[in-house]
Amino acid sequence: MSKITSLPEAIRQHVYTGDLVYASGFTHLIPFAAGHEIIRQGLKDLTLARATPDLIYDQMVAAGCARKLIFSYIGNPGVGSLHRIRAALESGQLEWEEYSHFGMISRLQAGASGLPFMPMNPSGAADLAERNPCYQQVTDPYSGRAVVVVPPLTPDIAIIHAQRADALGNAQIWGILGEQQLAAFASQRVILTVEEIVDETIIRADPNRTIIPGMVVDAVCHVPFCAHPSYTQGYYDRDNEFYLAWDKLSKTPQGAQEYLDAWVFGLPDRAAYWEKLGSETHRRLEAGEHFSQPVNYGAY
Amino acid sequence: MSKITSLPEAIRQHVYTGDLVYASGFTHLIPFAAGHEIIRQGLKDLTLARATPDLIYDQMVAAGCARKLIFSYIGNPGVGSLHRIRAALESGQLEWEEYSHFGMISRLQAGASGLPFMPMNPSGAADLAERNPCYQQVTDPYSGRAVVVVPPLTPDIAIIHAQRADALGNAQIWGILGEQQLAAFASQRVILTVEEIVDETIIRADPNRTIIPGMVVDAVCHVPFCAHPSYTQGYYDRDNEFYLAWDKLSKTPQGAQEYLDAWVFGLPDRAAYWEKLGSETHRRLEAGEHFSQPVNYGAY
Amino acid sequence: MDELPYNAQELMVVNAARLLKDHDVVFVGVGIPNLACNLAMRTHAPNLQMIYEAGVIGAQPARLPLSIGDPTLVTGATAVCSMYDIFSLYLQRGNVDVGFLGGAQIDQFGNINATVIGDYDHPKVRLPGSGGSMEIAAWANRCYIITPHQKRRFPARVDFHTSAGFLTGGDARTKTGVRGGGPQAVVTNLGILQPDESGELVLAAIHPGVVFEEVQENTGWTLKQALNCQVTTPPTEMELQILREKLDPNRIYI
Amino acid sequence: MDELPYNAQELMVVNAARLLKDHDVVFVGVGIPNLACNLAMRTHAPNLQMIYEAGVIGAQPARLPLSIGDPTLVTGATAVCSMYDIFSLYLQRGNVDVGFLGGAQIDQFGNINATVIGDYDHPKVRLPGSGGSMEIAAWANRCYIITPHQKRRFPARVDFHTSAGFLTGGDARTKTGVRGGGPQAVVTNLGILQPDESGELVLAAIHPGVVFEEVQENTGWTLKQALNCQVTTPPTEMELQILREKLDPNRIYI
């Protein structure tokens, strides 16, 4: 049974006011189109979780979607600050819960594995654990030492972008894997966006490349260029110019709002967004070709 | 700097009397040739760890290499008992330490991750944990419940078979992954055997397929057909006839000894072993072709 | 049962297959459970998904797999993952509907022994041990056991708890915090045992031509009969044909 | 330094590069650390291995990477793994020799603050936070910090411990059970600070043309000078040529 649906429909069906949302992707495969659709649909009171909030959450915070942020690094990668998030945190308008990367990812690992907690090694830097009550300690029964642990993170909804999937949601990803798989397994519901929907024979020709199985996926949305200004390995490049531009235009709430008006509220969907970017940008972001070689699985 | 060496040399350099050995592979990629070389070199007093000891450890136990077995399932997969191991356990000649699969693999996960222990969920079946003092409990700080934990397993030496690697030991595996990666990271030293040594450009053309990085590998040995009577996905089939034959011939110590005399002590290496199997067996085990399709990583 | 147009293995496979539902995600072993799954897929459960503890998801084996890690399970599968991931992301996270279990002993409360006969430290018979079954029994939504019905296989109490059924009955299982519902049926060549509300295995169905006394004689405790004890529908011609012609033409398991 | 034939960034990159050893496995960020690694690979450390917290091992970027997850890091890399794996299998298991760290504040004992200026709950300036640095500082064998030398960046005590240096000095770090050796050098545009046996950062080397007083003026505690305080060798023509022509021809970071 096909799970293919439009992105607006998938957001309507699976994302609710007050949800804990994990829109995944470590610099790679960030599902910007889904974030924009959440903004367009006016969802509020969301708890936004991501190791690296990136521009997608800066925009969602600017649009007033978020009540709380769970994160481990709030920077514009390679550029500087996330101004809207930073302003919201400094002014006390946004609740937050903060981890190191390994703490954040360990929470997802526990959530994805159905385990009660994950242990971590001592870091020597105790300030964060003292400020965040989710960090707890147990006594290592083997050494007698205190071990810091974090509890499972089980988002209501994960949004995952992938290079390709079949209609059932069996998804293949290459390039940086980030926390995509853990976010999918940890979450109660999963929306998958993909550059290409392929026949299941393509997936089955290389089962080791399947990162997320259809059984945990609720909706499959065909959204080419979903990740722009982030990128999809082998499909298009990261639009670093936009990351620099956002740094400037998001310095004021007005600047961010003007962007949202023009590029989110003013457009119906990702196809219109991509069109509006224009052919020069399209050309600038072309990925070029560098192919892997086929491997033989054998016919048995 | 190339790490390529012969298998006998690798065993001589990296495996010592009394070592804790993890010769990895879940039904797939079991490094039989390395086990045979260990037998030939007369290593003793080994602690043999494997989730599934399989025929390779049955043979090593029959040859007197082992002092102790760490395992989670001692069967001849799809056939029945491992007679030599079973006899050694029943007669008290072999020490043992036993887990469920998840307990065993959780020990490797802790060892590979440098973590002090791994938590597990309740199983309701307490008898094994009561018999094995490595199973301990901590109190879950979030729920107040008791949580079973297992300590890291950090073998002295892992032996890993892979489809291919470059001269530095960057190894790619497809098909069943088992615990290969965890065993490599958990162990102090790693011997890698491969069907093919390839140029690093082949590895670099598909970095997502690399399971084991050269930085944890000590020796790379080119050993075609290393896994027979187990198999290498895409290279040759599992020799089920031999698994059935071993069931019969290993029923007595004499039967096993005769096999070892003819197929291990009586042969210099894996090339001679493969030759001795004969062309009819070679044909019977041919893998056929079923190729994956190339994916584009992009040229950036 | 010599006069019947099917043998004991076929009878068990067919009855096990009927317990599976369409869209079930099944943690499956080789042999009889594999045949039951494939039979269900070809009859009433075309969307059944088979996953293997070796880390294979959505297998479509082109031949009868002869071991749990047969390469034919991988070629054409939907996904392959590591052993740690199959037990954590799939099984423990709650993504497995059905687990098949087996063992040398199954007791009155569905507990299974696959570890030792006799004393653990000085075993009379050393069996294979848990493998995946300790966690499958605990974490799959429901479990099924397929086994020949013999008195030595059905003692009142197992010598060793390799995997948990309903332990000592009542709420003993629930109190341990395991996620799964436990053994929901034991399919034998004589009938089907199912747990009553206290977790005790009772005779829920009997195969055609079998009488209660025969089942009792082969069971190590005083067997109760369910109030609504059924007689199973005999294997149909279609079921037998698929089994014999498509699934196991060389009669390896049937 | 206007008369010098190199700028402050170049000076820092060159001195950082010289701290790397051949065969080092380096957890590397973008910008200056990335340039330092690439410079080392092209001079004295051809077998250096670069790994990125995004999960890329053995990167051979064809262009200057502009973010830690730039696609050019992946194409042609040796291996790619998940974020959980890069922090567990690689970093915590002890496979990383060198980590590069940065932050808004570095204190007398090499502790780093990249979290907040002011009070955590009501921050004057909210900074990015730890990212990977809490664990890199703890678990890499040795760490290096590259930063401009300004008094506000070098307070006696950090406002917040984002990652651990030598904490309060003495055996304070060791007692926490962290694996790595901690910050081994802070490379600035004025010189190089290194921990003495108590973990206090002292001036271990000074760049040509810089005087001690200038360093002290830009440091928030009474700076000690190592007994054998060196003057660094100026960047060589070859080092500068590689940097300017090969590594950052568009002068993005230098």
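A few comments on the model shown:
As written, the chains take the letters A, B, C and D, and residue 1 is the first residue of each chain.
Just so we're on the same page, contacts are C-beta pairs under 8 Å (C-beta built on N, C-alpha and C of every residue); 3 or more make two chains touch, one makes a residue touch a chain.
Worth saying up front: this structure is predicted, and the values here are computed from it rather than measured.
Common neighbours of chain A and chain C, by the contact definition above: B.
Taking B-D and B-C together, the pair of chains sharing more C-beta contacts is B-C. Centres computed as Cα averages put chain B at a distance of 40 Å from chain D.
With centres set at the average Cα position, the gap from chain C to chain D is 58 Å.
Rounded to whole angstrom, the centroid-to-centroid distance between chain A and chain B, based on C-alpha atoms, equals 37 Å. Centroids built from CA atoms put chain C at 28 Å from chain B.
Within chain D, residues 56, 70-71, 74-76, 80, 88, 92, 139, 179 each touch two or more of the remaining chains.
Among the residues of chain B, those in touch with two or more other chains are 114-115, 121, 145, 174-175, 177, 181, 205, 208, 233, 237, 287, 290, 297-300. Contact topology of the protein chains: irregular, matching none of line, ring, star or complete. Of all possible chain pairs, the ones that touch are A-B, A-C, A-D, B-C, B-D. On chain A, the positions that touch chain B within their shared complex are 114-121, 136-143, 145, 147, 149, 151, 163, 172, 174-175, 177, 202, 205-206, 208-209, 233-235, 237, 287-300. Across the complex, chain D is touched by residues 26-28, 51-52, 71-75, 77-78, 81, 86, 89-90, 92, 98-103, 105-106, 108-109, 121-128, 131, 145, 174-182, 231, 233, 237-238, 240, 243, 287, 290 of chain A.
In the complex of the two chains, the chain A residues touching chain C come out as 1, 112-115, 170, 181, 185, 200, 203-205, 207-208, 210, 213-216, 297-300.
By the touch rule above, chain D contacts chain A in their complex via residues 30-31, 53-56, 66-71, 73-76, 80-84, 87-88, 91-92, 111, 115, 120-126, 128-135, 137-139, 160-164, 167, 173, 176-179. Interface residues of chain C facing chain A in the complex, by the touch rule stated above, are 25, 47, 49, 56-58, 60, 62-63, 70-72, 74-80, 88-89, 92-95, 139, 179.
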